[in-house]
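Labels A, B, C and D are assigned to the chains in the order they are written; within every chain, residues are numbered from 1.
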Amino acid sequence: MSSLIPGQTVAKHDNRNSCWIIVHGKVYDVTDFLDEHPGGSKIILKYAGKDATEAYEPIHPPDAIQNNLPIEKHIGAVDPNTVVKIIKEVTEEDKRRQVLMDARPPLDEILNLHDFEETVLPAKAWAYYSSASDDEITIRENRAAFQRVWFRPRILRDVTSVDWSTTILGCKSSLPVYISATALGKLGHPDGELNLTRAAAKHGVIQMIPTLASCSFDEIVDAAQPGQYLFLQLYVNRDREITKKYVQHAEKRGVKALFITVDAPQLGRREKDMRMKFVDDGAGAKVQEGQSDVKKDQGVARAISSFIDPSLSWKDIPWFRSITNMHIILKGVATPEDAILAYESGCQGIVLSNHGGRQLDTSRSGLENLIDIVAALKAKGPWPNPNFAVFVDGGVRRASDVLKAIALGASAVGVGRGFLYAFSSYGQEGVERAIEILRDEFEMNMRLIGARNISEIVPEMVDASALRSHASLTPADNLYNTTYQPLSLAAFRNAKL
Amino acid sequence: MSSLIPGQTVAKHDNRNSCWIIVHGKVYDVTDFLDEHPGGSKIILKYAGKDATEAYEPIHPPDAIQNNLPIEKHIGAVDPNTVVKIIKEVTEEDKRRQVLMDARPPLDEILNLHDFEETVLPAKAWAYYSSASDDEITIRENRAAFQRVWFRPRILRDVTSVDWSTTILGCKSSLPVYISATALGKLGHPDGELNLTRAAAKHGVIQMIPTLASCSFDEIVDAAQPGQYLFLQLYVNRDREITKKYVQHAEKRGVKALFITVDAPQLGRREKDMRMKFVDDGAGAKVQEGQSDVKKDQGVARAISSFIDPSLSWKDIPWFRSITNMHIILKGVATPEDAILAYESGCQGIVLSNHGGRQLDTSRSGLENLIDIVAALKAKGPWPNPNFAVFVDGGVRRASDVLKAIALGASAVGVGRGFLYAFSSYGQEGVERAIEILRDEFEMNMRLIGARNISEIVPEMVDASALRSHASLTPADNLYNTTYQPLSLAAFRNAKL
Amino acid sequence: MSSLIPGQTVAKHDNRNSCWIIVHGKVYDVTDFLDEHPGGSKIILKYAGKDATEAYEPIHPPDAIQNNLPIEKHIGAVDPNTVVKIIKEVTEEDKRRQVLMDARPPLDEILNLHDFEETVLPAKAWAYYSSASDDEITIRENRAAFQRVWFRPRILRDVTSVDWSTTILGCKSSLPVYISATALGKLGHPDGELNLTRAAAKHGVIQMIPTLASCSFDEIVDAAQPGQYLFLQLYVNRDREITKKYVQHAEKRGVKALFITVDAPQLGRREKDMRMKFVDDGAGAKVQEGQSDVKKDQGVARAISSFIDPSLSWKDIPWFRSITNMHIILKGVATPEDAILAYESGCQGIVLSNHGGRQLDTSRSGLENLIDIVAALKAKGPWPNPNFAVFVDGGVRRASDVLKAIALGASAVGVGRGFLYAFSSYGQEGVERAIEILRDEFEMNMRLIGARNISEIVPEMVDASALRSHASLTPADNLYNTTYQPLSLAAFRNAKL
Amino acid sequence: MSSLIPGQTVAKHDNRNSCWIIVHGKVYDVTDFLDEHPGGSKIILKYAGKDATEAYEPIHPPDAIQNNLPIEKHIGAVDPNTVVKIIKEVTEEDKRRQVLMDARPPLDEILNLHDFEETVLPAKAWAYYSSASDDEITIRENRAAFQRVWFRPRILRDVTSVDWSTTILGCKSSLPVYISATALGKLGHPDGELNLTRAAAKHGVIQMIPTLASCSFDEIVDAAQPGQYLFLQLYVNRDREITKKYVQHAEKRGVKALFITVDAPQLGRREKDMRMKFVDDGAGAKVQEGQSDVKKDQGVARAISSFIDPSLSWKDIPWFRSITNMHIILKGVATPEDAILAYESGCQGIVLSNHGGRQLDTSRSGLENLIDIVAALKAKGPWPNPNFAVFVDGGVRRASDVLKAIALGASAVGVGRGFLYAFSSYGQEGVERAIEILRDEFEMNMRLIGARNISEIVPEMVDASALRSHASLTPADNLYNTTYQPLSLAAFRNAKL
């Protein structure tokens, strides 16, 4: 429509009094927005008058600026030939990463999901992905909980063919696992969430699209294959019209289920992520006594989440029901009380999740909550209930973990970080390898527990009696331990190796 | 009144037969006191005939010498111009500390209360503050106990605004936390307890003044703002008249509540503190066989506490009731039996405390005791009881800890070391930062558990079933562990970093 | 019969299109078999046209190639004088091992079974023997379970003479221990399983012959002494005729009992073993992105086990009963349900085993399962039942472990790795030393618990109340632990040593 | 009587065919005894024809050779002037020890019983004293058990004066602690057990004299003060006449109680001690394959204990009753069944002991057994029973440990290693210091739990609910732990220290 704006014109608006930036070829006047920017004004001013796309991209939803900035501040398209190319400097961090990428183990030496987690990631991605809240107790408890459930394998069943495929909310899945929503995929890999979409297509796995994806919703859906199933994870906006538009658009584009996040009225304090900010900025180096005078941002999580509505409540559920026919699943349920409320409010399911340990620290694991919640639901209605699904996520690394959750009553299990690390290090092929590993593990483990298909995985196949056991040791008797000298093995003669 | 005494005159009394010292410009004859000094005579003789103020100050209540030395031994005021200035030598320890102070992280990088505890402190302060009794099991158990309580967060409540302010013994507090009494603040910072008073004023927090403060009671009260609430912690003196005078003076100056310490008829053996003395004195270096012939002091704790009355008993409670109208709270209750006795004896509350692990080692944590004691009080009277408050202290580092105690029945929680380390390293600003961190954590955590105010924090929000669980492992099978070789991740190709 | 084939003729068939190899002096055409070889074609092609005996031997049953390759592919005998001797190169690994062998502790310094496990073993043997499945949790739990059972020793019984001999399935045994089947003994020692046979003969111990022995079944039986008792472990072949022939041959040669492995329809993923393959092949070094294009083998376990029949089921038991009169024991039972099925299906016993932790990870230990299973069997029939024996294996290192299992109801206990490491490091003498150590321990421990013979070892002699206890700690509070400074002992004066 | 034998004559009997040795100035012909010597012939042959006193002394009861060698082999007294003085060479070990002795902390820096245990000891003493059986699990469990009992301290009792003295089997004791019997005191200090006797005299503590003392029984009794109480520990000899003589002699000399060891029909395998032997002998260095051809001794414990009668049984108790009027106490009871038998057989008490973890490994601790046993005795008769005392030993390091045992029903507690290490490092003064430390701890702890005397220490003062809890963790998830990166504190700016 309007003519292109010369880069030189943009370049004049390079300060706090008039601040224009270029994002994806469009010019925006963000002068009035500077003080509202959740990430602080400092980072924007760094790009005042310049092309901010590269910094903008991995940590904002692609349409964030368009949706959030008043239309009158949308100045127009820039003339691409006139924009000064920002030569990205190769930082020490970039070099460090490249060395690690070159040294990665080849993919066929990746034998389990843990292997993807070696810190090949860019430092910022690592800090954002791996961090959890406060003392990071819940994130580790999520893992530990699976290992308090033991198998009771059955023998002498003909397990020549075993089948671990299943149906999740009416959608066929080759695994009893779905790809859970995680934010900001481009921090780890330039293709971001598309790595997941493509691998999911190839292997018949369902992907849950995150609200805070680095790729736009439509980019992801466009990358899907015909017939490929997609779910949507939703952070509810303070402006319900934005949410309504987003949800209805998703339904129109074929998304099958809506997972409303209910455990994040405010995003958690993730100190690893927050500390990364300080390192990144070299901040504070000159400030010793008292506060530094520039407001620091508080990690990526806070910066990107200010739109989330803390007023979201049970009263909103009927409204969601009224705007969409998708399955509605509440993601982040932790108590039988709320599970029953979800059931009674007409939802189609719940995810027992603590947000990967990223929200309320010392929350219990989804697996532990599963026991109480299944008992409560059984007392309330039919079980298994074809109209109400229970999912679990958090801490899954092995197919055996999934089998334990299923034995205890879960329909399927969400895996987030596992796939996130896989594509951050190896792109789409990493995700495919992760799926193959799980598939191999499912085959072996189902044979070994004596279950030929998902329905044969029954509660009697696990011993969960220790799941509720939370020990902390009597603090160490350090003096005694110092004086005690451990036993040693028979001594070798002076071997020279 | 009398004329000034020349420094030269004082200087002649520089030995065991006649020993004068100067403290705060006054001259005292301590010859007869040498053998009674709880810290031993050696340390006094070091200052015989000289100005002892600098050594005296951080480890004695300011008026200790005036109150304890018979009036006839108060020689008079010294002529300041004639006192030889003691050039304080800069010790290795001083230098070490200065380097650390210069290298401290800027305050806005302090993200939690743990961050204050890095050992920037002078070695003596660190030894005195951080030490606990015997094997230091209880001090660590205090922390561990909080982590055996898990959250059961509720979802989908409108948590747009959350309010964590409360009322403690009728006094408004911006946090459900008060500053608990800790001794000898000047060991850590020249302004001592005043750092707390000033920060508390700014943030609407209540400070409990310690009997063993380095600042005098009146200095602290004088530093308070109009309307600022103060409590008083009391070690009861063998001479009840001193106690009576002290309590009534406090009431007159507006203190609202009297916390009588009941878990310290004798101060605990704190071996870290005791070992510091040996290091400090270079003591014993020449003594190999048998006892050294100078009586060593046994750490700061013993030195300053000989006035405490071990005969204090339930019979004294009516007397306290008779001398003051302040609320009377017993600090250091550990059993339901004693909680009921406190209730029946007309006290207004109790603190479930083990003195920060500094008294009887392998005592249980206050948090664990809370469960039994609340149950006992519920069986005895109304609950919550507006006339009988239950507080907890020990091991608190996070707002989430406080929320757990409140869910289990506590009115508020005391924090001692957290603030002590904050001002030792950063003065008043450190305390303010600590309060801000707690405030941020309260906001987040209350949203995440689904409580909009303190009264919405209910027992159902926590799972305390593991709180009574005290495990110690079967001792390690060292031979087996030596032969077992742990799994490793996929190997990187020789990366050069 | 036919004339000898010249080595030069064989040497021409050195490629994928025509691939002959020599094994034990016989020539085989394996061209069509290349793609079926469970260990991949690459390893065979390395020996195309050459003598493959040395590589073949430790990881194949001696008659595997004869039994599995169609008779028309058996070309004939090679003329030994014409075969080019492959000069085995001395690898770094060979040298490393030789140094360790020279430095081994003398046998009389080996005081317990752990002492045999120092890694003197060739790297491949170590990887294959020591590995277990997935996260190797069950293998370690096997050991830990014994240490959750505590003794309740009885006193003042005349224990001048104590007797720990017993009868196992009607066979006299000098110990309540049998040598359990483990595969591929020649990986550890050139004499392989014969080391066990010879030592067992000398000490009156029963050996269970493994299906996957490196020595042939007949070699082992031939090495036995007259009257020496042998059992047979069986992996059931997809081709039941092979199994039938094998079982009936064993019975004819005097084997007393048939232990059918029921916990291995598919062999587990053992990642240590799998990783060793990569190291061994130098594989993947050039492959960075994506899969390497040669199919890697997946560790020894998978390579050797493809014949095992995953369809084996309860329906097969009557067939086994019909083909043999040996005792039939099911090895790998883990639940009371299956123990009862085994009993009702006419078996003579079961082994509570999880395959040394090599199959389903996070399976419970045999010792823990023993409690439930004995209770179930007691409810079902006479106890102890002279017609139904219960054995346990996994994690045994001490005679005291054996006594605990016996007290809880086991007839005897299987030891696998203990003897395997013993002969890998010291040959037959190592096995003898292991038996002597156990004998010494039995003597001492039986005296100390007050049991004069096996029948006096009763349930009351152990406290197994903790056996069901599976704790995982609340994840560490790393920040707190960083700030806590442990107590130290009294300091020494600068000792120069 | 007979004339003195010249050293030169002795020197001729320097070989296996005729072997004489000198011990304490007497000449013995031990030729026939060489093969019976529990410690092997090699060590005797080293001294053939020479003075063996120095090697003999610390590990044999002084009269062992006289009592055990037939009278006709007692050749006579040697002429001291003719004996070649063996110049004791100063070994590396002697030098190492001297350096450590010079560097010991002065006694007043010893703050607790742990401080005595730093390895100042001669290597052989350390190996013998510190070792325990098998995997040394019980020795450490003994300590851990105390830390599973928590205090429930009472407040506001007048604790001005507290009294921790008591009466043990009718004998006044200044502490509720007695010195338990431990063998071979001269390994640690040339004065051996006399250090204990002298310190006990000064402080009103009761010493239990060990059968295997390095000092003779009479030396110890002679060193006692008039009125000093002594008990006797007894290993029962296969030759009951020797035992009878020994017991009756003890009674005649005023010993008040006889503690018959019932948990040692055979002394345990203590591998640390056994390994020391190998190091000591430089044994095996040349032996690689197979057994070394000289029979090795199996540690000190076995060498000195062959006289102990494994046939000792309940039938012997009446006989003991018939030969002495001393109190008879059974040392080493571990079950309620045996406690009741002891009570019914007319004993005056029992010691709940596992021999310091030196006999049956994975036996439960005495403290844990105390609970069951007190319950059983209560069900059987009056409680506390003035005619039947229950003692506990094992793992005591703090007065608080003792108080816990007393609260749970023990009359008093035995301390062995604590005093043994004290005199090994500091002689008599070390033992006195240990007693003083305990006294200080008793004073403090009794005040802090609110007990003014031993009878006020009641069961309600402890929470022993965790005492029965024996956890072993789910084995570590090493892959996960490798990928998890712990939180760190705020970073310091590059401090140079």
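Going forward, contacts are C-beta pairs under 8 Å (C-beta built on N, C-alpha and C of every residue); 3 or more make two chains touch, one makes a residue touch a chain.
The chain lineup, named per UniProt: A, B, C, D = L-lactate dehydrogenase (cytochrome).
Keep in mind the model is a prediction, meaning the values are calculated, not measured.
Looking at chain A and chain C, the chains in contact with each of them are B, D. Greatest centre-to-centre distance from chain A is found for D, with centres as Cα means. Where the sister copies chain B and chain D meet, the same residue numbers recur on both sides for under half of the interface positions. For A-C, the equivalent interface among the listed pairs A-D, C-D or B-C is C-D, as over half of the contact pairs agree by residue number. Rounded to whole angstrom, the centroid-to-centroid distance between chain B and chain C, based on C-alpha atoms, equals 60 Å. Averaging C-alpha coordinates per chain places the centre of chain A 42 Å away from that of chain B.
Of all residues in chain D, those that touch two or more other chains are 102, 104-105, 109, 111-112, 114-115, 117-118, 135-137, 140, 144, 147-148, 271, 275, 278, 285, 469-474, 477-480, 482-483, 487-491, 493. Across the complex, chain A is touched by residues 112, 114-115, 117-119, 130, 135-136, 140, 143-144, 147-148, 271-272, 275, 278-279, 285, 397, 471, 474, 477, 479-480, 482-485, 487-488, 490-491, 493 of chain D. Those residues of chain A that touch chain C in the complex are listed here as 102, 104-109, 111-112, 135-137, 140-141, 144-145, 147-160, 398, 400, 426, 429, 440-441, 443-445, 447-449, 460, 463, 465-466, 469-473, 476, 478-479, 482-483, 489-497. Every residue of chain B that touches chain D in the complex is listed here, in rising order: 96, 99-100, 102-105, 109-111, 114-115, 117-118, 134-135, 137, 262-263, 265-266, 268-269, 271, 274-275, 278, 283-285, 287-292, 296, 310-314, 316-317, 330, 332-335, 337-338, 341, 359-364, 468-475, 477-480, 486-489.
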